[in-house]
Amino acid sequence: MSHDTQIKKEPSNLSSKQFRTDSPLIDQIPGRKRQILRESPESELKMEEFLLNVGPQHPSTHGVLRLVVALEGEVIKRCDPDLGYLHRTFEKISESRSYQQIVPFTDRMDYLGSMNANWGVAVAVEKLAKIEVPERAEYLRVIVSELNRIASHLMWMGAFGADIGAVTAFLYGFRERELILDMFEEICGSRLTYGYIRVGGVAEDITPKFDKLVREFLDILPAKLEDYHNLITGNPIFLERTRGVGAITLEEAISYGVTGPMLKACGMPWDLRKEEPYSVYPKFDFDIPVYYNGDCFDRFRVRMDEMVESAKIVIQALDGLPEGDYKVKKLARNIKPPVGDVYVRQEAPRGEYGVYMESDGSTKPNRVKYRTPSFSNLSILPLMTVGWKIADLVAILGSVDIVLGDVDR
Amino acid sequence: MNPTYYELAWLIPALPLFSFIFTVLFTQKYRDLTAFISVAVVVASFYLSIRVTMEMLAGAGSAQMLNIQWIPLGKALNVSVGVFLDPLSVMMLIVVTTVTMLVHIYSLGYMKHEDGKSRFFSYLSLFTFSMLGLVLSDNMLQMFIFWELVGLCSYLLIGYYYTKKTAADAAKKAFSVTRAGDLGFFMAVVICWGYFGTFNFAEIQTLYGETTEFLARIFPFLIFFGAMGKSGQFPLHIWLPDAMEGPTPVSALIHAATMVVAGIFLVARAIMIFAQTPDTMLWVAYIGGFTALFSATIAVAQHDIKRILAFSTLSQLGYMMLALGIGGSIGLSNTSNGHAGSDLALMGQTAGTFHLFTHAFFKALLFLGAGSVIHAMHTNNIWEMGGLKSKMKITVWTFIIGTIALSGIPPFAGFWSKDEILALCMEVGTVHGYILFGVALAGAFLTAFYMFRLCLVAFWGKTPASAHPHESEFSMTFPLIVLATLSVFAGLIGNHDIAHTLNITSYAAFLNPEWNHEAVFHLSIAGISVLVAGLGIVSAFVLYAKRPAEWTSEAHDPLRAKLGKLYTHLENKWYIDEVWSWILNNILFRIAAGCAWFDRHIVDGSVDLVGFMTTRFGLVLQPVQSGKLQNYILVVFVGLLFVLGFLYMKVPGILAQMIQ
Amino acid sequence: MEILLFGIIGVVVLFSVIALNALILVYMERKVSAWMQSRLGPNRVGPFGLFQTTADIVKLILKENIRNDQSDKVIYFLAPILAFVAPFAAFVTVPIANTIGIRDLDMGAVYIFALGSSVIFSIIWAGYGSNSRYALIGAMRSAAQMVSYEVPMITAVLGVFLIAGSLSMREIVTMQANQTWFIVYQPLGFILFLIAGTAEANRAPFDLPEAESELVAGFHTEYTGLKFAFFFLGEYAAMLVSCCLIVLLFLGGWLVPFVDNSIIPAWIHITVFMIKVYLMIFLMMWFRWTFPRMRVDHLMGFGWKVLLPLAFINLVATGAVVLILK
Amino acid sequence: MEFQAIVELVKNKFPQTEIEFEKNLVIAKDDLIPFVEFIRNTPELHIDVLDLLTAADHPAENQIHMVYGFHSYRLAHYLIVKVKLDRKNPSIATLTHWWESANWTEREVYDLMGVNFEGHPDQRRILTPPDFVGHGLRKDYERPGFFVKKPDFK
Amino acid sequence: MEIGIYHYLVLSFILFAIGMVGVMVRRSVILMLISIEILFNSINLTAVAFNRFLYPEQVTGQVFVIFIMTVAAAEAAVGLAIVMSVYKNFKNLEIGGLNTLKN
Amino acid sequence: MGHAVAFYVFGILAVALALATILHKNIFKSATFMAGMLFCLAALFITLDAEFLAVVQVLVYIGAITMLIVFAIMLTTRINDETRQKFNSQLWISSLATLGFLSLIISVVLRGGWGGVVTESGSLPPDMLGAIGTALLSDFILAFDVVSILLLVALIGALHIAKQDDRKLYVQESFVDDESSAVKNHVKETEEMHV
């Protein structure tokens, strides 16, 4: 691809397995060290601190996030995220709903990756109640969740472009995302909050039109990605704005519990779909993109590459789609799982999405905890932004790919 | 005849300068590109020099090209920057560009795997620029500037391996010792300004003849002092052997064509000034002769291949000085042995510079050959070498050609030039001439001896088991071949008859076209010199031809037993370094300590006293100084107001007159 | 008196021309961006959405004027006026055809630059007067940017002045009629001037003062209604001035290439001039919708370390050539 | 690493450890810090990341369960560890000195469950406003009828 | 009344006096610099007026004004750099506080 | 007539603005007033037939110098701090001294008189711009060079002064090529962390 010509190509697509068998995995990674000279000793002689309130109403906070930023000139000295503006107590509400009724809330959490969010809850309930899901349903879940991943990354790419001033990319990202939304509309009638993956399977079977749409879309996707690379990746201004910006080391990322593309950009080939395969993922052939600098640009590259890999999975799943039921035929109206707890982890577009669910034997869960990727990914923001310019704050925040619904829940 | 290339002569030094600036600024990262640019530029300079020479041969004559007013101070002083083309400078151009070009090419191979290749080639370019600028200078100030630049470059290049302590020390030594000489040159420049008000050689020449001031009269001596430093004449020669710490191409460059011949060139350029003071010339001749013999003796007992060559260079420089000096030692107005003084001076110039000319080729050849050998053997010690003649054919045979040339065996280049010097000594016909003739002859014997000693020890015998010598690559052998060819044939132009036969301009006719004397050639003198050289070769063969395999270190030198204690003295270079360090430690440092004491106690003490007084006085005045700027402004302003008001009141109309 | 009357008429005409141009430009910008982003753009109000900008203006005029409680009344009020007046006044010396133009000053170009530099004041006023941190940062950035880019801009254009030997716009264009367009002699100068001119007009990728993703709207964050409209108008007027300058100085002004211009009627000259100006404006819009925004330190570095040295090289080279040819 | 092997390893070191639902470890409150050091440093466990940190209210048992999810990237295993706290005055040592990720998650638990983390550098409410009264995820939390106080955004 | 050189001179003197007062009495360093600019400008006006009324055929006065402007620009740059430096070190821009010159 | 009107309007405005400049409490506004005063002076230059100077005045003084001052103000002071004292203790004595000076110099000048020399109707050079350029590069070439050097020196000096105690707040990055050292560092750090 065009962007690779300008950048030293690190070994990508390393199968993570090969690390694990021989020796501890992290030690193997050709890492990258960073020294942050945060403040020199004579720092008591300094200019006045200039507090800037970014958000909660601001074009680039991707929702209602408030960042209290202490500036020195244009340089960020401290950044303190203030969350909770979109806190809708989903965990509390979930405790008072039946198990099937929980699913729609997850749509509103990560509204860009609703399919994945639905799926985690469905699997958690299925595990608690020991429900077997038909294979076709699993295939359909994989298809829609990977499509949703593509949609989410497309949207992210556009928003990231807009964050650093390339507004046109925004529209381009939306244009292709629209096609995926059309597909989802075709199968579940909804364009943002799908509720498609449900306990015991999926809501509806797919239609031939959906199949056709998906194949058409996957045909044009490579060309479109090439377009994006031409528009964005090859642009020197873009490279200047992203390369090395907001870089974190792998150790920092792990310490902050960062997951998903951000972790892959730091050099960790970790993807739950490969490492702890769930559903029917082991049947598919795909790679995990890994880059090593941990900066905005590598996060961008990871996501761009992930789209290609997701497309691979989708086409394989679509080709190998087995016949059969798309959901468990007979499912109790009120599921009563035995006492116990379960923790389900899945790879959502933004990273590791976990659902911790405790059952006390009644029809309602005792406790549901959504371990959302955006929350932990955002927690490293104060570290990433120190020492960078105010303009980089936007780029860094954009590169984290937060969804505020996902953070505040 | 339209001397078009004369117009472009300024490009000859400018191109390397451009290369230096360009490579330093832009291509430091790209080693091969830097090397390529440097080489290309030097080749271009070489081509231009050739064309300039051809035009000169075609009769274009001396010319002052590109005369730029630099410091126009009216009557007091006018300094111009220009390019001066006359036979002497054109001859030097040829020498310098040829040798630097070949050294550049050679360095391509020699420095192939060095990290600092870019830096090296940049410095080489600067060095080339400096030397070419020196050669083409039309006045003393400009020459002095380039003179210093050459010194700087030699510092940079000798200290090329600056992480190595010996190299850094050698660089410092070279810099400071030549600087001692430069002091003389600088004084000469100052005197020039003070007494003559011009820096132009021709004008100085006339003015010098008219002056009687003592300081002005010692002017040539001061110039010679500068030349001594650069050309390594005794006792300022000590930096030259140490300069071997630089990369070998640099040694070749310094020793053959650039730095050391700068002194010779300077004296040759000012020969007519020198010749007006025969005493100084005698000094020059004797110092040259002494250096020639003295260095030759040291060279006999050295073991480092480059050091032997270095002392040989010193010795040959001594020859050149000798020639220059003895030629002018009669004085312009006197005659001796049927020759007018001025003719003899010109003959001295011819002989000295001709030796410079030939020597540049074979000495560069020898150094580059030595570099090739070192490259292959990874050692400098000749005793650790051996048996190379079958392994490195080109290198060894070209080296031997150089050796023969240096030893003065006809018809190789060295013979003609050395013979001319010997003949000149006889031609002068004074006692000094005869003495120096003997000295030169002794030097010739030693030269032949140590050079063949070097060849026999290093190339014959058996190869040490640990070494695996191999022929160097083409970029290194090519310069050797070219230089070997030149070493064989370059001398022929020195002889009038041969030149006439070949229908080319002889060297003397080239150098002084309007002067119809030719270089003298006496078969008897030539015979003696060949005989002496042959004697040296024979003795070398006697001692070293059968080099047993167990002679693997300097301890086995058969000469050691023959010379006994003398050998140790020679091996230690007559302890001159030690003498210098004694002088430094016991005399100079003590003087310095005395000065320091004076400075600390008398000078500083008086300053302290003033300071102390001031503090005391300041305490009285302290309250006035509030430290507030605005207060001061107000005070000044009110003061001004009072003065103006007073004037206004007392002297009506004065203010109006003032501001009109 | 006649002069006064003539002046008033000129000003009125000028104002309406600029206002009309701004309307067209806003419409054009939206259409161009829509075209580049594969969407339709305004298409509801009037045919092809032609009246969209008019409607917007009406909306802006009718909007409530909100003023920040702590803001500085006078300065807050003056800023948008100056922002509009300065580029507006710059048009005084812009000739649009051989004989048509309000006034041709001897030092027309310098006059325009001088007015351009006073625009900075309006931005600083806006930033200070709004009592908003975004506005303040935007204003500071803008001031720094405009001061920095003015230097390479003027230096770049000095080459043209050297060749033309005049500072009068009309004479410069006349010179181009006699010789050829100065872009041929000054390609580097043209590129530098284009870049610096884009930066002077605060257009992307140099639109840091109003970088919406960082500073919401930069120095005019706190402005609403008509005051905002004035800033808007000022920005488009500045862009128009920039493009007019480029066309006059480098692209032969109103000259029609390859024909004898002395026989061409004025209206063709005007049309050609406007076409050229609009092409340059289109180029600027193209920039805006293609490039990401630069970061402030990169921007300053670019101005001082790249543009300025290049401009100096251009100037010195031009001077040398002019000297030699003389 | 198999769960059973882990249990043996841990039980050797911490005899008080219990097993819940055949897959969760329950350790004593005071054992938390040694336990964390143990699992981080033991090569057989090699825990890299604190993946999950939450709490569940169990009013019937009068307990609040702290739930920790530890994960090892090197060995790719996951360990759910529970600590049962007194519901009246829940308090436990903070893990912020070991993992930065504990910072926000502990703040969240403090905010919604009211667990006090000893030694936490910045224990503020994170999701609810600073003047919020009560802890939302407690089972006995009652919603006030209306906002009593205007939130003071500082 | 015809406007002559005296008008300009008196205006210039008034400006000069105002600038002088500003330099001497304002506590802020920046205000001092501003006042110095006023001083420069009053001189500029004098130069141009003399040029215009006494020797209109020459441009010496105007050339001088250009030089003064250059010097003023240099002065402003250096002065304000000093101001920034002072501010960083003293957190204060009141000239009264800056009496370390005293020691 | 027009000349007089222009002179009085801009002259009085300039004096008023200059007074406002030195008297206003708010430094930012002071700077703004100064810009206005400079603009008035530019207008006065035009009345003196020095159009070029007027334009340069706007370009250099308003566009650059005032801008610099405004920058310094914004970067340093709290503009709206009303508590600070405006003037120092020497307000009255300074004002009196200045008034004295003013009256003195005005009376001197008015009494001195250029009455005989004033040539109101002297001819201006036809090409003012060209004349200035020629003068700059011929008669005043030395001054021109000196001023250029001064500007350069001032630029460098200003940079140096403003930069000298800049804190080092930046992110230093270095890519570790050697994999093993990275691994070693990591292992060491993790060990340290555990201890």
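Brief remarks on what is shown
Each chain carries a letter (A, B, C, D, E and F) given by its place in the written order, and its residues are counted from 1.
As a working rule, a contact is a pair of C-beta atoms (placed from the backbone, for glycine too) under 8 Å apart; a residue touches a chain by one contact, two chains touch by 3 or more.
Values in this document were obtained by computation on a predicted structure and should not be read as measured data.
The minimum number of touch steps linking chain B to chain F comes to 1. When chain centres are set by their Cα atoms, the one at the greatest distance from chain A is B. Per-pair tallies of C-beta contacts place E-F first. Our note on geometry: chain D versus chain F, Cα centroid distance of 62 Å, whole angstroms. A straight line joining the Cα centres of chain E and chain F is 9 Å long. Taken residue by residue, chain D touches two or more other chains at no position, since every residue touches fewer.
Multi-chain contact residues, meaning those touching two or more other chains, occur in chain B at positions 630, 634, 637. Annotation for chain A: residues 26-27, 45-47 touch two or more other chains.
Within the complex formed with chain E, the residues of chain B that make contact are 625-630, 633-634, 637. Every residue of chain F that touches chain E in the complex is listed here, in rising order: 3-4, 7, 11, 14-15, 18-19, 21-22, 27, 30-31, 34, 37-38, 41, 44-45, 47-50, 52-53, 56-57, 60-61, 64-65, 68-69, 71-73, 75-77, 84-88, 90-91, 94-95, 98-99, 101-102, 105-106, 109-110, 114, 117-120, 122-125, 128, 131-132, 135-136, 139-140, 143-144, 147, 150-151, 153-155, 157-162, 164-165. Put simply, chain E touches chain B in their complex at residues 20, 23-25, 32, 95-96, 98-103.
Residues of chain C touching chain F in their complex: 75, 105-107, 110-111, 113-118, 120-121, 124-125, 128, 136, 140, 143-144, 147, 150, 167. Every residue of chain C that touches chain A in the complex is listed here, in rising order: 33, 36-39, 133-134, 137, 141, 204-205, 207-208, 211-216, 289-298.
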